[in-house]
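See the structures that follow.
Next come two complexes built around chain A: one with chain B, the other with chain C.
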Partner chain A sequence: MSASTLSSTPATVGAFTPEAFAAHLASLPPLPAWWLDRKRAAYERFASLPMPKRTDESWRFSNIATLTLDGFALPAPTASSHHAPIGIQKSAKLVFANNRLSTREPLAADLAARGVIVDSLQNALVRHGDLVREHLLAQPQRLGSAKFAALHEAFLADGAFVYVPKGVEVELPVGLFSYAAGANTAVFPHTLVVAAENSRVTVVEYFGSAEDHDAHFACGANDLYAGHGAQIVYVGKQDWSESTLSFQLNSTVVRRDARVQSLNLHLGARQARSESLSQLQAPGAFSEMLALTVAHDAQEFDQRTLQIHQAPNTKSDLLYKNALRDKAKTIFSGLIIVDPDAQQTDAYQSNRNLMLSDDAEANALPGLEIQANDVRCTHGATTSRIDREQEFYLQSRGIDRAAADELITFGFFEDVLNRLASDELHTALRNLIQSKFKK
Partner chain B sequence: MKPLSDTDTLPAPELEEPAVNPVVGIDQSAGNFTYDIKYDFDAGTGLSEKTIDYISAVKKEAPWIRDFRHEALKKFLAMPMPTHWATKDLENINFDKIRYYLAQGQKPKRTWDEVPDDIKKTFERLGIPEQERKYLAGVEAQFDSEAAYSNIKEAVAKQGVIFVNSTEGLREHPEIFRKFFGKVIPTSDNKFAALNSAVFSGGSFIYVPKGVKVSHPLQAYFRINAENFGQFERTLIIADEGSEVVYMEGCTAPKFSTATLHSAVVELVALKGAKIQYITVQNWANNVFNLVTKRGLAHEEAEIKWIDCNIGSRLTMKYPGVVLKGRKARGEVISIALANDGQHQDTGAKMIHAADETTSNVVSKSISVGQGRATYRGQVHIPKRLKGCKNNTECDALLINTNSRTDTYPAITVRGDRNATQHEASVSKVNEEMIFYMQQRGLTEGQAMSLAVNGFINDLARQFPMEYSVELKRLIDLEMEGSVG
Partner chain C sequence: MSQLEIKDLHVAIGEKAIVKGLTLTIRSGEVHAIMGPNGTGKSTLSKAIAGHPDYTITSGDVLLDGKSILELEADERARAGLFLAFQYPSEIPGVSIANFLRAALQARLAEGEEIDATAYYKRLYAKMDMLKIDRKFTSRSVNDGFSGGEKKRCEILQMAMLEPKFSLMDETDSGLDIDALRIVAEGVNTLRGPNLGVLLITHYQRLLNYIVPDFVHVMYDGRIVKSGGKDLALELEAKGYDWVKKELAAATAA
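Moving on, here comes the complex of A and B:
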């Protein structure tokens, strides 16, 4: 069935009509047949799936009414690329603006010679088709956003592809940037990281808007794949304009004795839904899932996580911290699933909410589904304001409320930031968080 | 036809399905009871407006109650099954096959000799008195407890306490009960609360006057012959200002029943400064769907405590709640669940804070044995503009066998920066070193396991009345025997 014959109600596709999809396909260079087929199938899935409903368990507490897909447009490629460096040394850099690669700093020759690849997805589809096909959007969507994942797949134009061959260690982080420019722009960033056996890589990604006042629709995804013994550190910094509707759907696969550490910093968007799936597929796998959120004004941060232990002797450790100011709202809904044969699982899940305002709202849904008995699974959720004595101490030193909030938030975030091995990254994240308090 | 009366009705087994052995972990084929009973008053199977008119007529109810039932039926029929979050097992309930009301005259024709040895042994091990065994095994339709406990009834009556069944409560004391009936749990609260509101009978209606501290715990168990073990029992307890009352329902012995659906509604109202403690020990046969709505309303400085222990049934869904309506009100849920093969204990707690400085505490411990599944589902809600509210929730799950299952699904909403909540849950198995140590000291693995499991729930079991906690311990010993080795 061709895209134009699809009949869908505007409510379920919004601006992403069959015509818009046809125009999107026409704007792309020739695609491998398998990828074109998958995009078409994805569009049909997107168009046929309903929008989330109030009664959907996976959307509990979310604001459904504001999820409209109307009024957005696929942008024309933009020449002027706004770019704010984040102040860390990088091994390579790719900058995307409005779904197209705008600038790049290539890898050092020695890394390229050893087979490391940092390239655009468009190039990788041609040059490394098998690797891309195996890992790109290959994991199940289990956290409620199947419709938006399908939308992402259908309209994905370009993204980053990072591949590290067996035994190679990339010392400096790979820097990735995705920008949206122009009012009502729809962007679909994607990052695919494949770390082969015993390799190591750090990827730092930044999402931002060219202008603070423009509204965007950002529907991004990433795939992290850590082969046997591999180590991936992924840091994602979501800093879209505060009128953006954002989806970020992340998937992590961890193989034998591999280790993935991901830290997502959530600052931007008016409504941001992030879904993170970690699959621990072989013994010795370890996934560390960290997130820091500063929510202010009327922002809503909706975070859904799933840790699936599919093999014995695996470990996961999740810590999500939210600082809430003004009328902000956060939702943390996490689930640990331990499959029947996944004995000796060690799983931890924790959500901490710091209330800095009497109008803020924090929702916590920490969940467990355990089907093996020899496990250590713990979760916890706390919500409260800061210690009154600490507050009094700060006030008695003449520190005003706003400055006190900032200090307290950094104190609250410190243990998460300290989990990063790189001091440079630690500082870069601090600076970014600080900039939000200046807004 | 005998004259209509409902004070001596008893929830009797149904005819439509053969009964299943009520004792978990015991050979099912041994307990294949069948009943041959003639019902004098029987609303037939299935649910319609006629069923309701029939029940209402038998009970000689006031028109407003009949209207209440009809309204509830409409809501029940209109509401969907909550399977978008609850287990799909609910779809196996066939509402057309259920008898919604049975009245007097049931006499099971079974002799003690026909009761399987396994069941007899269980009673023996639990130390159930002779008379009660016969009742529980379905040999005797009624267990006459009047003589033994009449002094308690007398004593509480002297204190001005009203302790009657639902029909009598609504008929004789509408001025007291009507005001709160269906107010804590509205008919439309959920599908099964609506069902109960349409067809309820039995249960206890209790009023404790101002300042009265009821001298004895009130027990439904003592009033078996007044239909307290009903399928659709309805309980309403009102503790007037400054009063205190403890209520207990159920017993640890396996309760044999062929009725496959039990759906009770229990409403508690604690007025200013009152204290209510509600203790449940549920041990239905494991073919029973036990879908219960329990909620208390705590006014200023009042305290409501649910102590809830679930051992039996095929599927229990029960989340006792407290609406903390008045300043400094306090709510507490203490929950123990034991899920064995073929069982799903889906239990939890709801704490709805609606006034300043209200506090709530939830402690839940579950044990999954064999392929049993224990689920904790909780809700804590602290709305806008409140201050000084606190919630503490702890859930611990113990998994005995490799294929045991446990789930935890809490939902905590906090608005504002003047409140505090904390939730913690852990899942573990019995410590192998502990078992090894005990075996080294000469205990069998089963004994060691029992001891460990009893230790796990000990701090909660201690809050139960003495005889309950003793029976609970024996019951856990029994359950553990088949689970190891």
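Moving on, here comes the complex of A and C:
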């Protein structure tokens, strides 16, 4: 990469200047050279890639003008102790505030003795370098945010590393929390989950702001890797302040007979872009991709998904449901790709939008690219206005409009929430959704 | 003792006048039946009183204990003590009957007050036992995939839980076979009492064999044209609505 690309215009790097990057590197503890090299390469990529343009197909319907990176800054390490429990029992817990590990509750001794690891990425880079190197940000960026993925890699300071060895089952969820504190703070949360052969683990992650009124820039990513016969349940709850600009770039790799269920709840941010890539790499792999969004005021939720079937007899099932109020906007763009030899693929993709207001806007772009001839693929999108007779029915029982909207939204979400095997998680998600209706 | 007064009420849907000057007073403990041929404005009357936004009250008034309710939203009217048992209840997928009723009761509490879950379920189960409804019912989504009889029983259960001052029951018998009708009527009879006034809207006399009214009114062309005791229903059954129409025509001609 030439030096000229590094002296990019402020428009393409915003606050994330070469000086800021150098200061970031200087702030890190000693880390493996391969990782620092990757970060440097990532910074060059970030600086040289253009900002998204309105004409980019992968940014269709998105509000490009509001993506500016100006004004955000890397926070000084904070001793923030902000933490809001979500009311579930956990096997271990890591809390990050402004990109630094602030609190931890270690695993029970028996799980640790069996080789389960729940640790910070910084520690894992040093202690489990090979595992991290193999899986950390190792998958392609195909959904439009390569620039922000590069930014994430360049400025990633710390995150969570969860490893479950062959045949081990972790009963209780691992709880991960990422907070941003202080005005205009930039955070780069990362979660890497590696489930080895026939292991099982549930990871519950929460993203939130210490103060509701502060604007943040959150540029997060996760990597989920399910080895042969492994089962991962991942639940992500995005609850940033409503002036936050958020990116969340998720990648899932599913190996033979493995199963990954992910459910992402989107509540916060003024503008939230989420990209989810699932790669079904070996026969019997199954990826269940679920998302629930409550959009209100002028929030924009921009969801891009890709299900890639790379082997025969693989299955994916995507269901994204959005409830829109006020002048909120959602975009769902989903693609299923079936490679030529991925016969007997069973792929499903569905986006459903419930309009609770006439001023809200839901955009849906479902897509298929099938190169095998013996497959079952269905996709579709529906958008429906809340039924007036339904609304009157609820009102005639004494329930006011706002409470009626809430009740109907829960009814609309119920089939997704019911896919969670854990009642405790189901309740925790319900409570969080309910708190949004009280805002 | 409460009182629901309907005073010279005129109701239109769009430009079309449907109810054309109806006056009726119902007191706690009374059961009034309104009978009449199809298209005469019976259902419009009940929905207008309940506050459906598609129905415009062009003149007249509806007073609950002396106070007009016309400026209130549908949910406020319900909380003031009105209940509409729907002819065609809406289906609400994904919302269980238990959660639905809980939300309806929660709406009646002051801000910050929370329903006591244990007491709530105790009361719900007691009402269900009283109405002979299986407890499994509570976890089903409201009216979703219900048979006609189940929908009507669900309406009666809601009425039992919400304890309105006045219940407007719109064609509660429609779509029911005789067994379902008997069960639903039994439910209404169980809830009948000094604290409840009922306006029973029906096309057929058969419902009145099971729920015996104190007063029967015949509605025709948007008005009550004849009122009487429970025997009027039997007379109507024997002579048909044509009898009323002829009588009315004769009276108008004279």
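Here, the second predicted complex is superposed on the first by the 434 of 439 C-alpha atoms of A that agree within 3 Å, B and C clash if a C-alpha of one lies under 4 Å from a C-alpha of the other, contacts with A are read in each partner's own complex, and residues count from 1 in each chain.
Following the convention adopted for this analysis, a residue touches a chain if its C-beta (ideal position, glycine included) is under 8 Å from a C-beta of that chain, and two chains touch if they have at least 3 such contacts.
Treat the numbers as computed from the prediction; the structure is a model and nothing was measured.
When the two complexes are superposed, the chain touching more residues of chain A, out of chain B and chain C, is B. When the two structures are aligned on the shared chain, A:343 is found in touch with chain B, with no touch to chain C. By the touch criterion defined above, A:398 reaches chain C but does not reach chain B.
Shared-chain residue A:413: touches chain C; no touch with chain B. When the two complexes are overlaid on their common chain A, residue A:385 makes contact with chain B while staying clear of chain C. Put simply, chain A uses no single residue to touch chain B in one complex and chain C in the other.
Taken in their complex, chain B has these residues touching chain A: 84-85, 368, 384-385, 397, 399-429. Chain contact summary for the complex, chain A toward chain C: residues 387-390, 392-401, 403-404, 407-408, 410-415. Listed in rising order, the residues of chain A touching chain B in the complex are 55-57, 60-61, 340, 343, 353, 355-385. Within the complex formed with chain A, the chain C residues making contact are 50-53, 73-75, 77-79, 83-84, 86, 89-95, 99-100, 103-104, 106-108, 141, 158, 162.
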